[in-house]
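Two complexes are shown next, each including subunit A; its partner changes from subunit B in the first to subunit C in the second.
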Partner chain A sequence: MMSFFKSPLFGISLILVIIAATLPWYVSGYILGLLTVAYYFGVFAMSWDLLFGFAGEVNFGPTFLIGTGAYTAGILNNHFGLPMYPCIALGALGAVIAGFVLALPALRVRGPYFGLTTLVAVLILQSFIVVFADLTGGEIGLTIPDVLSIDAGVNYWIALSFMVISAAILFGLSQSPVGLVLQASGQDPVQAGALGFNIVKHKLAAFIVSAFFSGLSGALLVFYFGTASVGTVVDIAVGVQVIVAAVLGGRRTVLGAALGAIFLIVAGEFLRPTGELATFIVSAVALVVILFFPGGFLGSVLSREARS
Partner chain B sequence: MSSTQSTAPVLEVRGLTKKFGGLTAVKNLNFDVHGGEIFGLIGPNGSGKSTAMKAIMGIERPTEGTVRFQGHDVAGMPAHRIARQGFGMVFQHSRPLNRQTVLENIMVALLPDSLLMLFPDKALTERAKWIAERVGLGEVMHRRPPTLPFADLRRLELAKAIARDPKVVLVDEPFAGLTLAEVGTFSDLIRSFRDEGRAVMLVDHNVKSVAALVDRVLAMYLGEEIATGRADEVMRNETVRRVYLGGAIETSARPEANFTDKVPLLQVENVSVHYGKAQALDNVSIHVHQGEFVSIVGLNGAGKTTLFNTISGFLPYTGEIVRDGEKLRGTSAAKIARSGLVQCPETRELFGEMTVRENLDLGGQHLDPAEQQKQLEWLFDLFPILKQRQGQMAQTLSGGEQQMLAIGRALMMKPKILILDEPTLGLAPVILELLSKALEKLRQTTPITVLLGEQNVTFALPHADRVYVLEHARIVWEGDPGRFAAEAGEGYL
Partner chain C sequence: MLALQILIDGFAISALYALGATGFTLIFGVSGVLNLSHGAIMVAAAVAAWAAASVFHLDSYSGALVGVAIAAVLSLLTYFTVVQPIQRSNKIPNEEKEIFVLTATLLWGIMIQEAIAYFFTNNAKTVLPIIEGVVRIAGIRTPANTLFTAAVCCLVIALLWILVNRTRTGKVVLAASMNPRGVTILGFELTNVYVVVWIIYGVLAGIAGVLLGMFLGVSSYSVGPLTASAFSIVVLGGLGSVSGSLIAAFVVGYLETFTAYMISPAYRSIPALLLLVIVMYIRPQGLLGRR
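On to the complex of A and B.
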């Protein structure tokens, strides 16, 4: 792990973060707003990679965790008038509880059924929000009285710091002994079991960590937007975007996932003048990367290093 | 050392039974393994030896029986708990962490089963280094697994298994894929585990390959014990000889000169195949004449399936495969099969949720309806049981019936050359007789050319016109089945 601090990856990350931190002094509020959202998405994607890349479990419903965090925080703020920061903390807690309740039975089923379970969970959450419209704001969305900040620069810095801290924790975790055991469990569960590791325990822990960061990021995002709606934090399409970002950035790299998320959101926005074509172009690029460079942006670089 | 070689066995297995649905894979197995002893569990493919080992390790939950480790029962515990009691297992296939170094891979095996281990412990690194040196990975401990030769990857498996100093070491096919020189080194390593007082249990196909290493052997067949004792005793045992070599084998070979085609129908010339770093076929050459019945005899892992898959066009190879004077290289597997070179694979590959009839119809898909009907009637005459089972789902058939269906489906393609890979796998003797009769009928009444791969010599020899013996990826003997027992049989036990 110490070797990371000496590796070029660390130097490059540090430079990128420093450049990113200075952006508010010379770019427009519009771009800052775009990147703010991208950074929260980066955390979604990194949390997802912890499950897919390391635990080897495909969670088709990242938005179940994100949405639970976002709506828990939003409802507490809107209906119960709780102050913002307790709401955010409780949102993360809500996601952890929901993740635990989902993962405990889901991790007992094998193969594609785990993924299907997580997918169904999103649909359940979505219908819950629509049905209990009085509580959740339904299809119109939920207004959030409090906001993180009204200053674009401050919002941007909050999002950037949050992403950098999350990245440091998630990446550190993935490189720690626990991360190695998790990776072994994902790659060869039978052998990891025979080496004396309780696979369900490790995967459950990974799911909880993933849920915590997803929920926290979801909660922060609604306090940035000032609203919570199905279309922004729950819809399957949002989940697909998170998954594509993580795969694009590079499986089993954590940091790559954040790059992938930023790329997806920024590219989508720059292509906006092309109208409907934007989604098509971004999806096509994603498809090409997945088909021809399954390692993703960062994965290809890292595996070349591993072979040398 | 002497303190660990106490009289009480480290591992006591009693009445161990494992059932998968209606199939009993392991039946009432009893044995002890002492500290400082190497114990071999031997049996042909499908005999249940690997299942027995997995049941001891907790990877499969035993249906019945006890596995006592140092006096207390561990049967039914999950693998990770059994491992923590003092068990280590060496897997035949492994998937190391490719982005981590060899040393880090060994470190993983040393870690506690705790979620709080966030920082690597210096002491663990030292211990991992010591283990790497011990198994001969000292030179390469800072390299990553994808850059290592096959033997070193196997060493890494040994290292991981002994990392936490287990009292019981289970080894699955210790020498699979290794060269002769490497076999010597690995034997020495396994002996050193014994000399440290560990109880070592090996699983392998035949007595011969591990005879020099083991102290005692238990031979299994169809899930049951057939003999236990010193290796040489077990090799002399009548039942064991019958299982491996068959009793008096009647052969009915037609001499090769009888086949009048000047150029053999199928020629495999100097074919080599690699799986990553492991060599699966080494310069193999065989030929088969029109109408001939050729058996390829070899133990599991010798390369039979690889050879057949290469002929069927599934694997890249060096050398040439020639059929009717034309090179097969570049022809797709589907085209090879449709042109009449049909394989009935070892794993049967039936469509489990389709009926028997649907499976057969898929085989005869390319025939016109009248021809298909005719072929089907001929087939039902060969395997009458399939006619009765037509409407039944394939996965509900018994093992023997499934095998008949697999052969039947291949025959529905009207093959000119039929490749049968291990049709006897895991089948009871009475079923073997039925299959044997069907093969004889094929030989007598049709012009089909048959290439049969078998480890069961009793089954492979009676119909064969010619026999090849495949061992460690090479053809080591070729000849007439009548001479097999005298010339090649001894090496086969």
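On to the complex of A and C.
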């Protein structure tokens, strides 16, 4: 852990964060808005990486956790008039409960079965949102009366500091003894269990941490957007984007996931002039990275560093 | 009256599901690959059949053949450009190949979907039916093509059964699903076996896609739901078990049709999803699966 503070990675991340923090003084509001969304996505991708990269569980339904957090916060704010910050906290709590409920059956099964269970959870959530349209706004979406801030710079700083704090906690966790046990149980559950570690307990903890950050980030995102809709926080396409971001940035690196998310959102925007081909190009790039650099952006850099 | 309508419609949609899921489960059984570009290949077949008939003015038979051929080609492309490089890669640790195949085929599916949307727009397309007209079964007006769809599905599944169980090629495929190493030692080239399986898969997915295009119509938005339904049917039946998939396809097909007719089309997919969760909880290996 201490060696991290001396490694070049820490220095680079520190410089990047300082540069990112000064952006509002010389960059247009449009770019700030783009990066704000990218930072929330970064947290989605990092919490997904904790579950997949370390616990070895393929969670196809990151949006089940994100969506539960987002909609819990949104519904409490819209229908019950609760102030914003309690809503955000309760949204995160809602996501943790959802994560717990999902983890109980899901942890009994492994591999593709686990993937499917999480995928089905998203589909069920999506169906319920459409069916209970009175409460959730259905396919049109839910209007959120409160907003985080009307100033693009303040919104940007909230998102940035939220991402940096989450990154510090998640990265710290992944490097801690708990993270090592998770990694061991992901790679060889039988052997890790034989060494005396309670795998189910560790995986459940990973699930809950992942759910907490996903839900918190989802809740913050809807208060930034001022609306919660299936297309932005629940749809499977959003989940795919989170997964691609994490794999692209480098699995098992946590920080890489955030880089991948920022890259994905910014690249999607740069490719906007190509119109409908943008998604095609981003997917193709992601596929090439997966096929030829399976370690992702950060994974390739880190392994080169380790070799030298 | 309504019961009969549910029986007929449910049978056609179940047979279609069965056809789509059979190929999917075959690939998993033989090479351990869950192909998440499944829905995209089905839609590509349907759109190709539609384009052949309405843009290039072929008749509906040749259109359907074009669709099936496109699916077979796409299926082979999937194997050679996406699946094989991952399976042979020495940079990816073995225990992570599964997730890499899942992610890569998912991305590949999105690429196909976006290419379809780019060239043929997102609009829903209905493939011209091969057989026109309406048949009356005990007073129920049924499009003749619905019956044709059901018949073709049953016929193709029967042919597949004969192919796998009664021919030499089929027996090699079956053996490869049980013990790939043993097959290699006996002197069969494993890559050839996989190529055969992916072609069979492509043809099955193609036929299912074209028939679906006639029955319900498809658009590039159907890609995700189609993959998800094939995935859930296959898991419900037990991964790798073809007969399990067939049973599961009929369970899901009838459950959906029943819900759509008796409750509301909006709730169509919910009971099947809940059933899936319950089965996962009580019997994680699926109805007929082996662990």
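Note that in this section the second predicted complex is superposed on the first by the 305 of 308 C-alpha atoms of A that agree within 3 Å, B and C clash if a C-alpha of one lies under 4 Å from a C-alpha of the other, contacts with A are read in each partner's own complex, and residues count from 1 in each chain.
The criterion applied here is as follows: a contact is a pair of C-beta atoms (placed from the backbone, for glycine too) under 8 Å apart; a residue touches a chain by one contact, two chains touch by 3 or more.
Note that the structure is predicted; figures quoted are calculated from it, not measured.
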TODO: Record, for the superposition on subunit A, whether partners subunit B and subunit C clash or fit.
DONE: clash
TODO: For A:271, decide between first (touching subunit B), second (touching subunit C), both and neither.
DONE: neither
Task: In the superposition, subunit B vs subunit C on subunit A residues touched - done: C
Open item on the list: I'd like to know which partner A:131 touches here: subunit B for first, subunit C for second, both or neither.
Closed with: second
Open item on the list: After the superposition on A, what does A:97 contact: first (subunit B), second (subunit C), both or neither?
Closed with: neither
TODO: Check the residue A:284 against both partner chains and state whether it touches subunit B (first), subunit C (second), both, or neither.
DONE: second
Open item on the list: Tell me the contact category for A:169 with respect to subunit B and subunit C: first, second, both or neither.
Closed with: neither
- [ ] In the overlay, answer first, second, both or neither for which of subunit B and subunit C A:111 touches.
- [x] second
TODO: Quick one: classify A:237 as touching subunit B (first), subunit C (second), both or neither.
DONE: second
Open item on the list: Contact-wise, after the overlay, does A:187 reach subunit B, subunit C, both or neither (first, second, both, neither)?
Closed with: both
Open item on the list: When the complexes are fitted on the C-alpha atoms of A, one of 6-14, 24-32, 150-158 or 186-194 in subunit C overlaps subunit B. Which is it?
Closed with: 186-194
TODO: Kindly list the residues of subunit A that each of subunit B and subunit C touches, one partner per complex.
DONE: 187
TODO: In the complex, go through subunit A and note every residue touching subunit B.
DONE: 1, 172-173, 176-178, 180-181, 183-184, 187-188, 190-199, 201-202, 205, 252, 302-303, 306-307
- [ ] Enumerate the contact residues on subunit B facing subunit A in the complex.
- [x] 57-59, 78-81, 83-84, 87-89, 91, 94-95, 97-100, 104, 107-109, 111, 113-121, 144, 146-147, 160, 163-164
Task: Contact set on subunit C toward subunit A in their complex - done: 34, 82, 85-86, 89, 91-92, 95, 98-100, 102-104, 106-108, 110-111, 114-115, 117-118, 224, 228, 231-232, 235, 239, 266-267, 269-270, 273-274, 276-277, 280-281, 284
Task: Residue ranges of subunit A in contact with subunit C within the complex - done: 52, 56, 58, 105, 108-109, 111-113, 115-117, 119-121, 123-124, 127, 130-131, 187, 236-237, 240, 243-244, 247, 276-277, 279-280, 283-284, 286-287, 290-291, 293-295
